[in-house]
Amino acid sequence: MKYHVPQALVAGHEQTGGGLFFLVLHAPEIAQAAVPGQFLHIRCGKGDDPLLRRPISICRVDKGKGNVMLWYQVVGKGTSLMSQVRQGDCLDIVGPLGRGFEPVAAGKTVFLVGGGVGSAPLVFLGNELAPEKEVVALFGGASEGMLLHPCLTRLENCEYATDDGSFGYSGTVIGLLEEQMKSKTPDMIYACGPQGMLREVVRIAEEKSIPLQVSLEARMACGVGACLGCSFLRSKKSGGGWARVCQDGPVFWDWEVAWDDGEQQ
Amino acid sequence: MKYHVPQALVAGHEQTGGGLFFLVLHAPEIAQAAVPGQFLHIRCGKGDDPLLRRPISICRVDKGKGNVMLWYQVVGKGTSLMSQVRQGDCLDIVGPLGRGFEPVAAGKTVFLVGGGVGSAPLVFLGNELAPEKEVVALFGGASEGMLLHPCLTRLENCEYATDDGSFGYSGTVIGLLEEQMKSKTPDMIYACGPQGMLREVVRIAEEKSIPLQVSLEARMACGVGACLGCSFLRSKKSGGGWARVCQDGPVFWDWEVAWDDGEQQ
Amino acid sequence: MTANNSEMVPLLGVEIAGIRMKNPVMTASGTFGFGEAYTDFFELSELGAVVIKGVTPEPRKGNPPPRLAETSAGMLNSIGLENPGVEKVLEEYLPSLEQAGTPVIVNIAGSTVEDYCLVAERLSASEVVKGLEVNISCPNVKAGGIAFGSKPEMAAQVIRAVKKHTSLPLIAKLSPNVTDITEMALAVEEAGASAVSLINTLLGMAIDVRTRKPKLKNVMGGLSGPAVRPVAVRMVWQVSQVLKVPVIGMGGIATAEDALEFILAGATAVAVGTGQFVNPRCCPEIIAGIKAYCEENEVSAVAELVGAAWKEEARG
Amino acid sequence: MTANNSEMVPLLGVEIAGIRMKNPVMTASGTFGFGEAYTDFFELSELGAVVIKGVTPEPRKGNPPPRLAETSAGMLNSIGLENPGVEKVLEEYLPSLEQAGTPVIVNIAGSTVEDYCLVAERLSASEVVKGLEVNISCPNVKAGGIAFGSKPEMAAQVIRAVKKHTSLPLIAKLSPNVTDITEMALAVEEAGASAVSLINTLLGMAIDVRTRKPKLKNVMGGLSGPAVRPVAVRMVWQVSQVLKVPVIGMGGIATAEDALEFILAGATAVAVGTGQFVNPRCCPEIIAGIKAYCEENEVSAVAELVGAAWKEEARG
């Protein structure tokens, strides 16, 4: 079930670093229904500009309090307006949308590989899996200020990588992943982040035949599968043709995606 | 001199009644330069919708503090967005714009006749004239909550009229004016308010041959005389042709306006 | 203020091309999938009619991504008529719309006149389909669409040909990218269209100054949303005054006020596209708003409002 | 990030129809009065060129109010070419522009071909005028404007006739309300235009649902502002690829990014209209922004960016 909550109360909003914000919205139905990997579609302004909603992954939920939490980065018009809402204001949201992560079939150890704000949906996933699995979160960012603090992730087993070496492993999260794989081979990897990073994770997972799910991004209009605007090409293996990121995803198995098709951007 | 202040600090913002707000902006150059009858052109939103600035008369200035004060009513998109700014926020303003009221040539007694938020520019005028003239302010509103309190007008000699009789004279400000004229004939009248009300004031002033200036309204785009969008027809007496409310006004002598031309709305 | 001395319930029903609609609000083709996407937000049966995505004879892959770009108060799309083809639509999608509780109109498209005829003929076999909206105006397919939509003779030719292959009412969907919209509308009316839909998207584009490339992979796309509303209202105003058949108005409708603007300009019904993406409860809210407007203004039937602005204008 | 290993100052100058401009930013006719309205906000000499309001042989009263309506990210105007007539412009306004420190271009209009010729001839007498922008696209005058702007032969006829009455360079200002903008552009180029300006306003309208009347007294008006930008960029893209003469791009430009979008699409210069109303320092800010973009991207001359998006596209 998808919900439209035109007036979701902003229960909290704090800056976690340069241009990054952690937002707590009160929306009990959505908190109840959401599964990791799903996203909210958010109206950022009040007028007709910016017009379209913005998709933001659910980073955590507190079903008890009925809260949904997001971690987002200011990159343009919409997210900049969003960053200006204050506790006590309301936001117009739709959710939970999309197909979430699929649970691990077998095995004990799970790696979460997140680049930048791509870590957001993995936090939710890690929190859900933690009671049953051994969850190792590997989150990368440009510098210390771009990482989400453990007091917000609530993840116990979290390793960080920073490009500038200001915190944790010095290098990209891919470097960190390779480092970790030397000592431990996960039964499943979940990844979210920039395209370049995802391709690296795909390569590594393929090499070691580790099942992998990725969360993709695309510009969206409807967010509910109606407009066919967010399409990407499926791999031949998965039947070819277009898949809609918003409705058929945003989470896909790595082998469902035609990573190298010329028509794909 | 006109100024563009892209970030004028909101030094105060309070609701004075149903849908009416008193806004204090810090803009020292504008406070210094402004004369009564002039207005600010305000950008109400952040995106491209609403697109155009909104003209709001200057209601008071505090040259010492460098503040400009406005009294406005929420009637649509722009004013509704404006009402949501908070102390400490900034607004993008241009001003002071337009031709203000002309001083009284002779005589001692001046009547200010304001309908609704039309009282705003007359407050500024009254404050400027008060030291030298006997200023009688006659302000009307639908009910008590629609009037501007003397602690904000800073006018000593102020009579109120309310349509519902909840405060002061029971009836329109025109009724109040006629009432006052029984005991006193002003040397000059300044008026601002809805078209219907202004026509009544024109009629009364003509009958008694009292000089009258009115402040007019029109939809504006540029606000500085560039687009010819805010035109109204001049009376034959004043040479005919179009005048621009924004640059040639908003204040006009009653005889400059072709009140009854069919082409005028 | 509701008229408190009467119990009047305004009549919202309208008729378009012989199709009875319980209210004048329909969905715009291509923005509502095949009717399944918004079922969590409202019931299809609340709608005046549902218009589904453009259908072609064969499955179409559509254009490569990115297919969307946002513009000021608008959006560009270059979907390119992606659809599973008429056979699959008949088998998989239409049966589930049988219980929709509202008339189903199918938007049809093609690259040749034969394509249109073929789709029309196949769809006529379905009990579910109550009308066909003939899309002679898609800016996103190279052959067909745009050419049919910009020459009156070619538009008329499509309508005439399709008419021979179906007894379903035909609604001609016109492109706004023309010098004289009334000429186009008159041509399709003359050719036998039972109604016209106005407007399809305006041809537009946007460039990313960082990459120096068009934002859409397909370079140009169709502009929709509130940005285009003034152009759409103008065309509805112009066309409704010269046609005998009804006009379905669309282009940037997001609120009841917007819908009423089109109705006053001469639209008998309206369709909601981009507005739906922004507010998933757009359609039911518009229907409620039109009803409220009628009540407040003591309008006994929405049909009385159709073209009221130019009828008034004509009176002086 | 500025290129910190070089002291390069990008060349912003461009040339349009033989008119040398120190940067590619000009004002859009009708939105800048006769150059006097914005002098408190910046110096005219900062501009690439100043284009003044449309001038006709006789004074014109223009259309009755209301003449403005706001729309989503746009505005409608129905000024109707109000102007004091060419004689008064010559006497009163042009002399004060002599010291402008930037080329002065006058927009000319009329109801007949003779009108255009007359104004052009009179303006050629002025030393101050460096070029004429021939407005064959005003949607707000019944005779003339719109008809000249929608038929290629008629547009060409105006340009050819005017050319005989002046040696000033002619810039043809085209209407976007046509099926095929390239056809119009080719016709005026062939007729002798030294440049084209794209776009004038889109024909639109809005209705007040409360009064049930058009918001503009004149019913229809011209739509401008950010809402129309995608249509304008598309037309500049199309036209600049088929013309030999330069294109001046306009329509919804409000920021340096917008201006660059037009330049990358093929505009040699750009004009700012509605954007000026919103931000009185729009032009100088755009000029500074273009300079910064060139510096950041190590572009040595803005002229290199003209049409870069389609040149890139053509390379594959």
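By written order: A, B, C and D. Residues from 1 in each chain.
Throughout what follows, a residue touches a chain if its C-beta (ideal position, glycine included) is under 8 Å from a C-beta of that chain, and two chains touch if they have at least 3 such contacts.
All values derive from a computational prediction rather than experimental measurement.
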Pair of chains with maximal C-beta contact number: C-D
CA centroid of subunit B to CA centroid of subunit D, Å: 36
Whole-Å separation of chain centres (CA-atom averages), subunit A against subunit D: 46
Chain centre separation (subunit A, subunit B; CA means) in Å: 53
Sequence positions of subunit D contacting 2 or more other chains: 72-74, 225-227
In subunit A, residues with contacts to at least two other chains: 47-50
Overall pattern in which the protein chains touch one another (line/ring/star/complete/other): complete
Touching residues (chain side subunit D, partner subunit A) in the complex: 72-73, 226
Residues of subunit A that touch subunit B when the two form their complex: 45-50, 77, 81
Contacting residues of subunit C [partner subunit D, same complex]: 71-74, 76, 150, 177-180, 202-207, 209, 212-214, 219-220, 223, 225-231, 233-234, 237, 252, 257, 260-261, 264-265, 293, 308-309, 312-313
Complex interface listing, subunit B residues touching subunit D: 1-4, 43, 47-53, 94, 218-233, 241-242, 247, 263-265
Touching residues on subunit B, where the partner in the complex is subunit C: 47-49
